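The chains carry the letters A, B, C and D, assigned in the order they are written, with residues numbered from 1 in each.
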Amino acid sequence: MTTLGVGLIGYAFMGAAHSQAWRSAPRFFDLPLNPAMSVLCGRDKNAVEQAAGKLGWDSVETDWREVLTRDDVQIVDVCTPGDTHAEIAIAALEAGKHVLCEKPLANTVAEAEVMAAAAAKASAQGVRSMVGFTYRRVPAIALARQLVAEGKLGTIRHVRAQYLQDWIVDPEAPLSWRLQKERAGSGALGDIGAHIVDLAQYITGDRIRQVSGQLETFVKERPIPTEHSGLAGTAGTERGPVTVDDAAIFLARFGSGALGVFEATRFATGRKNAIRIEINGSEGSLAFDFEDMNLLHYYDAGDSSQLAGFRRILATEAEHPYVAAWWPPGHLLGYEHGFTHQVVDLVTAIAENRDPLPSFADGLQVQRVLAAVEESSATRQWQEIAL
Amino acid sequence: MTTLGVGLIGYAFMGAAHSQAWRSAPRFFDLPLNPAMSVLCGRDKNAVEQAAGKLGWDSVETDWREVLTRDDVQIVDVCTPGDTHAEIAIAALEAGKHVLCEKPLANTVAEAEVMAAAAAKASAQGVRSMVGFTYRRVPAIALARQLVAEGKLGTIRHVRAQYLQDWIVDPEAPLSWRLQKERAGSGALGDIGAHIVDLAQYITGDRIRQVSGQLETFVKERPIPTEHSGLAGTAGTERGPVTVDDAAIFLARFGSGALGVFEATRFATGRKNAIRIEINGSEGSLAFDFEDMNLLHYYDAGDSSQLAGFRRILATEAEHPYVAAWWPPGHLLGYEHGFTHQVVDLVTAIAENRDPLPSFADGLQVQRVLAAVEESSATRQWQEIAL
Amino acid sequence: MTTLGVGLIGYAFMGAAHSQAWRSAPRFFDLPLNPAMSVLCGRDKNAVEQAAGKLGWDSVETDWREVLTRDDVQIVDVCTPGDTHAEIAIAALEAGKHVLCEKPLANTVAEAEVMAAAAAKASAQGVRSMVGFTYRRVPAIALARQLVAEGKLGTIRHVRAQYLQDWIVDPEAPLSWRLQKERAGSGALGDIGAHIVDLAQYITGDRIRQVSGQLETFVKERPIPTEHSGLAGTAGTERGPVTVDDAAIFLARFGSGALGVFEATRFATGRKNAIRIEINGSEGSLAFDFEDMNLLHYYDAGDSSQLAGFRRILATEAEHPYVAAWWPPGHLLGYEHGFTHQVVDLVTAIAENRDPLPSFADGLQVQRVLAAVEESSATRQWQEIAL
Amino acid sequence: MTTLGVGLIGYAFMGAAHSQAWRSAPRFFDLPLNPAMSVLCGRDKNAVEQAAGKLGWDSVETDWREVLTRDDVQIVDVCTPGDTHAEIAIAALEAGKHVLCEKPLANTVAEAEVMAAAAAKASAQGVRSMVGFTYRRVPAIALARQLVAEGKLGTIRHVRAQYLQDWIVDPEAPLSWRLQKERAGSGALGDIGAHIVDLAQYITGDRIRQVSGQLETFVKERPIPTEHSGLAGTAGTERGPVTVDDAAIFLARFGSGALGVFEATRFATGRKNAIRIEINGSEGSLAFDFEDMNLLHYYDAGDSSQLAGFRRILATEAEHPYVAAWWPPGHLLGYEHGFTHQVVDLVTAIAENRDPLPSFADGLQVQRVLAAVEESSATRQWQEIAL
């Protein structure tokens, strides 16, 4: 079987998740190509060498440009912060490497547009690209998409989606890079709001056309970290301004006319990673919460009044997407499995010479929705999403 | 419409619930006879007069024998402690009064046998009797019975039932009359275990034939109350022995061969009135918890693997038992509604000249199961239930 | 004890709920005044006489003006459609009668303003008025208010509230009066959106100052009913336009800066009466769903990371609002109990010579929020709520 | 770092789970020794070679005795059916290899006794052994143990535990080896009942001393499989007797006096892998369900009546057992993570020269409980568990 060498750029949280996926996918799934964990890339040589040992990569590079020149690399997996995505991904595509790029695709629509254009051009040469909205690969979510595609919900009327976290509720939590616009591009909106926009569009098979939104930064200043250890660093005594949103809420109108209500926040005390999505259609409804990620709740309006009720579907049957490769019914999957499924889908598409989904164009469209929310928050009016 | 005069004996917790039922039933349901709240009976004249005013009864008596002589009383509703049930109920039946008797039917099997015989004799004269297992009248429970009767569960394999409370977890809770065998007959077993035995048999339409049980009194001595105010009184400094069980657990074998597991306890810290019953059959399953009493969970094994899941049926549709008389879908009913439904069923049976259910014979059979559990706890062996 | 005669105008769904409340309140609570169910009023003499018999009222009137002249009426309870509230309530107040008026207070802000002015004037004469937002009286909701008032949530950051129903999902459901603007004033927004606006403001103790909303009528035409039986009538072959909203969604900004997301719809397939409200503050969070109305979920951010979690509080303890009058812990209350508690609060306020809450001014303010949502839906911009 | 070579015997379901654990543990945890996936062993050379490639093992053997002679093997991981455990594990220990043995430890108490004796003898030589009750390593379960050990539950009163599956509800499901006593030793009792016995004893830190049980085989005959593909094979036309239990229920008495109720069944229609355990103590309670394996529900009786409620603890905080090595809060773990944690605990114990838990003696004691249940089912009496 042909080997598919992978070069991973970045080795923090996402790097660890991607590494586990590259390692696990061939152990559970019958892949048409054999991924090799060729090279891990990071700027700090000592650190990247230590990470490569830990995460199981064969070699290291300290300059991502070097990764693009290597013959043992066919896929470049971009897990760096958003402000570097465009440069790396475009160069990789131009070097003929398939690209898997973490979300958000870029920090700006302009960058994302260039990336999408590069992806389209590369595709013509058989070079593939994909953006990492992994939650699509949670079996319960993929099942939700299936049910909608099969028409089980009829005409979609409502989408309500929330991504709720609480990690900066404390006003003394330090001013990490994620709270600085120049680094992170945006706050809750881009970081987690992007996921629920993608999920809502993916499951419904529809696109958001208009939004009215509001961003908010509840805590305007935070202690500047003195030392950058871990996710957030340690708070110092000086304070600096928070330049991204703590929370974003918005209304949406889909192409079909369905109404959407979205909320992304880091201030939902007690909610750790609650991705909730509920969809009501003329024939049925669906509900999902990532804090219970193996479950999909499904209501079939065709059931009799006597017996109708939301069905608690434990999406661990062999008939459910991705599940046959894993464990018997009732043996739950976790967060990281979505990344493994992403590898499966990407490698399969490459082997079959077709473009995987979600594409960079999909990533760009999500970016446009987020930009429209931001614009709407400023203008206090509804904004259209350019097609 | 003919009036049906009611005489209620007892005015504590159950008296209040029954009063609300007699008052409410004709306001929501179309009854074939018109219940009149004729007389409330209690030994303390001042107290019973005050209660009658509060609960809405037209007159009072201080001797229950007087109630039986009154022409304006056609139904005697017995809400006294269990050690007085037999005497009152039998005398009432002999006086030609229909009888509604609270559970447990009696404190002993012997008493219950005499009562059942009296009920059978009275029935031949058109005098009706009924034992007050009101939980049968919770719509979700009545729906459960319907589904089993319609064959939706196939062959029943398992019943697991628990009645969990925690009101005497504190070892300093006083030694109330409910903890004394001579008054209460039994502890958790008779008080709450009786309900889950009845529910299990009612829903399955089957009978328990054998049991292996264990009773336990975790706290052997408690402070003797100095003053009997309210349910439990106030703890004094002297201590006396607890002579009933704090908890009862037992295995059961049903006539059909189904296996049962039962647990009744007042020591389930944090569970207030959790009546849980779960039934697994070859074609489907049911689950119920009184702490969420408007819900019935139903699994249909005939659904496809892709879409099967326990359905959360909100038993508030007009198609559900008793519900059409009340509110629109989604507007919940509460604890007391079961008592109102009991009145409806009793009055309807009387008007239609047929014996209502559950009968005294049903109450006797439950008593036999409880006695067998007690016997089994002593002999450390399985016990048969006499038919 | 002084008697307080009640005259109830209207005898449909709300009339039945109010009747049960007037009947039950004195049976469970120690009221300072004794409500008498004096007169039921409706235009159709036969129908109102039948209803009075069923619901337990002493007499009937067919003209509400007559009710206002009766000496045996001290309270006028207005349960008619919204377009008649203003005229009846104002006349009643001017006649010196206390008024309980169902929500929404009126169909327009203009009417509501006149009503609030009339209420203020009446108050100076010791005549009381109250608007019927009964969900405030669900114990779990009243507990939520208590916790916020005690500061247990700290600074409120987020409110997300939904009122979800599904009774007109079917496009062939007939064009009932509730779907006609001239009768109902508004659709989901006024009928059920009003409740979540009130609840959100009540629990937080804060007011909505700005909104951005969107109304939608998914099904534009429906069959005109040929016969008005029941809630909706029977569909005929002719069709007419639906002139109210099927669903309303809106963003909100509270006075404190908190963000709100609201959704009221009759198209949430499978949700029957799901009033959900979730509030996140800097110190804790709360969550409630009316489909599980005896529960309040509470997260205390002060708990250790090891042990923190949303607490499932079963609001049936004697320590919880209104509960001591009812049943032991774990014995659930239902929908109608909120109406009984409303009677208790109203009668108590009258006896204590103070204005009960929520006042007509509160009702007017809710109306202003709803009007701003409607305005915003038309202008496609945020709207301020006049103070 | 010293390498610790692993030889895995067996490559079916458990073999796949163990392989993923050996592969993943060093990637997320800082292990004191470096496990090497040296050799996979199975009788069929082609099949084991294919499995080794798939699962990532360096070499293969077809005779387990060969594994014991290899210098690159320091741990023998036994994942074969129960009837071979004793022979392999004892030989491995005698060969100086550490042993990880899947549960149940053996098919009979007699075998388990010899194994425990061998383990004790080996321990004196510094050779370690461990039995694979992996559910102990689910973070929520390990947290439960912690809370009990810290005294947060006070005196334990009740344990109720269920292991519910439904994979042979269909009477036409074939007669697989798991339904034959000579191969499987026992049915639901040994296969899944063993887990809840271990969990109940582990979490409480107590031992079961007496049991009264009942085994049942609901479907006495099943089609003999014609072809052994997968777990169960394909049903043929001939039938053979099922010689193990389909379900086992039993009461238990713990050393402390606590009462236990246990149920293990393969006939709980709709329950796929529901391991439920609920523990009530004088100071608090715990509840867990594997179908929601990241949650632990905890009730603190010390909370005020107003605020007390079961806390839904999402056991994904860095403060929870094992979690710090994985993902941020709210990012769920799955079934296989327990196996990874098992590797961590085993490797750590080996490095630290101490015996890991659960020991073979623990496995033996579980076996004795199961044997007593079986004995009790035959004698219809309570049975004592030998210490």
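Quick note on the criterion: a contact is a pair of C-beta atoms (placed from the backbone, for glycine too) under 8 Å apart; a residue touches a chain by one contact, two chains touch by 3 or more.
Remember, predicted model here, so these are calculated numbers, not experimental data.
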item	value
Furthest chain, CA centroid comparison against subunit B	A
Pair joined by more contacting C-beta pairs (A-D or B-D)	B-D
Between subunit D and subunit A, distance of the C-alpha-averaged centres to the nearest whole Å	35
Centroid spacing, where centroids are CA-atom means, of subunit C and subunit D in whole angstrom	54
Rounded Å distance, subunit B centre to subunit D centre (Cα mean)	41
Per-residue overlap in subunit C, given as positions that touch at least 2 other chains	271, 308-310, 314, 317
Residues of subunit C defined as touching subunit A within the complex	157-158, 160, 162, 164, 166, 169, 171, 212-214, 216, 218, 247, 249-251, 253, 257, 259, 261, 263, 265, 267-271, 280-285, 299, 301, 308-310, 380-382
Interface residues, subunit B side, partner subunit A - complex	143, 297-298, 300, 303-314, 317-320
Interface residues, subunit D side, partner subunit A - complex	13, 16-17, 19-20, 23-24, 26-28, 54-56, 165, 167, 231, 271-274, 290-294, 314, 316-317, 327-337
